[in-house]
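In the part that follows, the structures are each spelled out as structure tokens.
Shared between the two complexes below is chain A, which has chain B as its partner in the first and chain C in the second.
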Partner chain A sequence: MTEEIRQIIADHGRLSVDTAALAPDADLYHAGMTSHASVNVMLALEDHFDVEFPDRMLKRSVFESISAIEAALKELRAETPVS
Partner chain B sequence: MRGARLDVRRSELMARRVGIDLVSVNAVRDSIREFGDRYLKRFYTEAELRDCDTGQGIVAERLAARFAAKEATLKVLRPGDEAIPWRTMGVVRHGPGWVTVELSGRAATLAAESGLRDFELSISHEDNYASAVVIAEVDLSNRASDPMISA
Partner chain C sequence: MSVSVDRDQAFLSAVSRVADEFAAPNADAVDRAARFPSETIDALRAEGALSAFIPTELGGGGVAFETIAAACFELGRRCGASAMVFAMHQIQVISIARHLDDAPWFEDYLQAVSREQRLIASVTSEVGTGGDMGRSVAALTANEDDSRSFEKQAPTVSYGAHADDLFVTLRRAPDAEPSDQIVVLARNEQLTLEPSGTWDPLGMRGTCSPGYVVRATICPEQILPTPFPRVSAESMVPVSHILWSHLWLGIATDAFDRARAFVRAAAKRSPGEPPPVALRLSHLMSDLSLLRAEVSSALTEFVQASDEPGRERLSTMVLALRFNNLKIAASEQAPLVCQGALGVCGIMGFKNDTPFSVGRHLRDTMSACLMVANERIHHTNASLLLIAKDV
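Our next item is the complex of A and B:
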């Protein structure tokens, strides 16, 4: 999951640094991600992982690092019953 | 003389907050192309989309200015890590050249809790960039509402 998230950030995060070199807990906003880019990352994550981020999760800390995004996705998947 | 005293008293009780933001028009254009209605309807109000639609599609420059207005409003609201839905901060157009920001839901509640009022907005765009500035007055009669002001 980590590498899939990293690829989505590379495609949509518009970072000013090499995404491949980012540590899982590196601050994506410090790496150049704007609020608008974080919106695109969120939509791309929803497409890729077939989840929907509720309004309560549309905050800075959820998208501030690869590990934070991974934790949020795991939380969303745990909330969604597998059919 | 009495008027002057009233002005001093009022200035002691009022302060201002300002927020500014800059958005790439190309980034907004890319989002429209890649995510379509999911992007448009998730983050913009119906009135905003109507104001940005010339009848031949959404004008990315106008939409970028509205996204900048939302982000500038967030900088005035200072929600910390609280989630404020983007559609609760809507740009309202009043004829050519004049816009205001309209708060609803949690954004409006947070503004009230923080003593914020009289929001003013200005937006602009040129080539690949759109910008917005938001100013609001803070009622310091409730000083506990502003962490930057010591009681």
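Our next item is the complex of A and C:
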């Protein structure tokens, strides 16, 4: 899952650094991700993992690092078991 | 706008008195000369109003946010520029008080604000960012003696020449991204302001907001512990939109009151049939009530979300949309009400020297859509709407 998230960030995050070299807990906003780019990352994550982030999760802290995104996705999958 | 606590009621009464005795009689002179409303701000200082929101343990008034909002409304009814200076100062105080994270330097600073009634201006906009407060060009640079320096090109600094201290957004370091922002508080003895523009605007003339090149050297302790993006989402943006909206509502309410006085005077001159403009006044009242409802409900939502543990909801996109919509709606509705009042009063409203003059009200509220340009906010909202669910 980590590598899939990393690829989505590489495709949509418009970071100013190399995504491959990002630590899992590196701050994506400090790495140059704008608010608008973060929305595109969220849309791509929803599409790729077939989930919907509820409004309570739609905030900066949930999308500020690869590990934070992974934790959010795992939480969502635990809530809605795949049929 | 009901306030229950005695302390809050006493504060609001004091501000209302200052509004009547100082802001109202000087409003036209302040507007005409585009000069700082010093009588009003001095009178607010004498009441301790500049530290009203600061907790009592730090020497402040400890009044509730709702009461600060009500004070902006009361001042707005008498002088828009005085209300804007007061509101902007409170935005800075509230942003510091909610995010100082027990930092000793900032606790001492708020005590100094309480003791000396220091006035804080903000330097958040910057040349080269296209009006985006979420990005900075200027960076904080470390010096060899561990002090920090910066130079920032600000297109407007409201009442900069009259402020004691400045609340400044910067990039964290020279190699930081534009969005990696911090807030610093620079005291007047640490800074210089080099004017870079003039000030002869259409409205809000008493805010005295020309451009400056701001330079300062400060200590590292003067960096607010909470990073700016969080200060911005949880406090600065919603608080700005709510306090501005309250004073715009105050200006619009006074324009409506003048239109009502005009209609009453007309009715007294010819008893019997209601004068034809009475109908226009009724239309105007419904426009004003829409504005009032939007301002009031946004305040309630903000206070509820602020009282929740961790204030988690304030950083969600749904609430960002909510307070952005308040700003757009109030900034469009307030000048509309003032223009409606002009329609009721006619030439008596158009002239600048009658009891029914509403030209200043109209000009002051026309600044509302520019304070963080509405089109920029629409761009942000358009992006957030792609992903937010239950708006």
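Here is the rule we go by: the second predicted complex is superposed on the first by the 83 of 83 C-alpha atoms of A that agree within 3 Å, B and C clash if a C-alpha of one lies under 4 Å from a C-alpha of the other, contacts with A are read in each partner's own complex, and residues count from 1 in each chain.
Heads up, the rule we're going with is that a residue touches a chain if its C-beta (ideal position, glycine included) is under 8 Å from a C-beta of that chain, and two chains touch if they have at least 3 such contacts.
Only a predicted model underlies this, so the values are computations on that prediction, with no experimental measurement involved.
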| item | value |
| --- | --- |
| First, second, both or neither for A:Ser16, with chain B first and chain C second | second |
| First, second, both or neither for A:Ala31, with chain B first and chain C second | second |
| Contacts of A:Leu43 with chain B and chain C, given as first, second, both or neither | both |
| Touching partner for A:Asp55 - first (chain B), second (chain C), both, neither | both |
| Chain C versus chain B, contacts on chain A by residue | C |
| Partner chain(s) touched by A:Lys74 [first = chain B, second = chain C, both, neither] | neither |
| Intersection of the chain A residues that touch chain B with those that touch chain C | 34-36, 39, 43, 46, 55-56, 58-61 |
| Contact set on chain A toward chain B in their complex | 14, 34-37, 39-40, 43, 46, 55-61 |
| Of all residues in chain C, those that touch chain A in their complex | 134, 176-177, 179-180, 229-230, 233, 312-313, 315-318, 380, 383-384, 386-390 |
| Contact set on chain A toward chain C in their complex | 16, 29-36, 39, 42-43, 46, 52-56, 58-61 |
| Chain A partner contacts - residues on chain B that touch it in the complex | 21, 23-24, 27-28, 30-31, 34-35, 38-39, 42-43, 67, 71, 74, 81-86 |
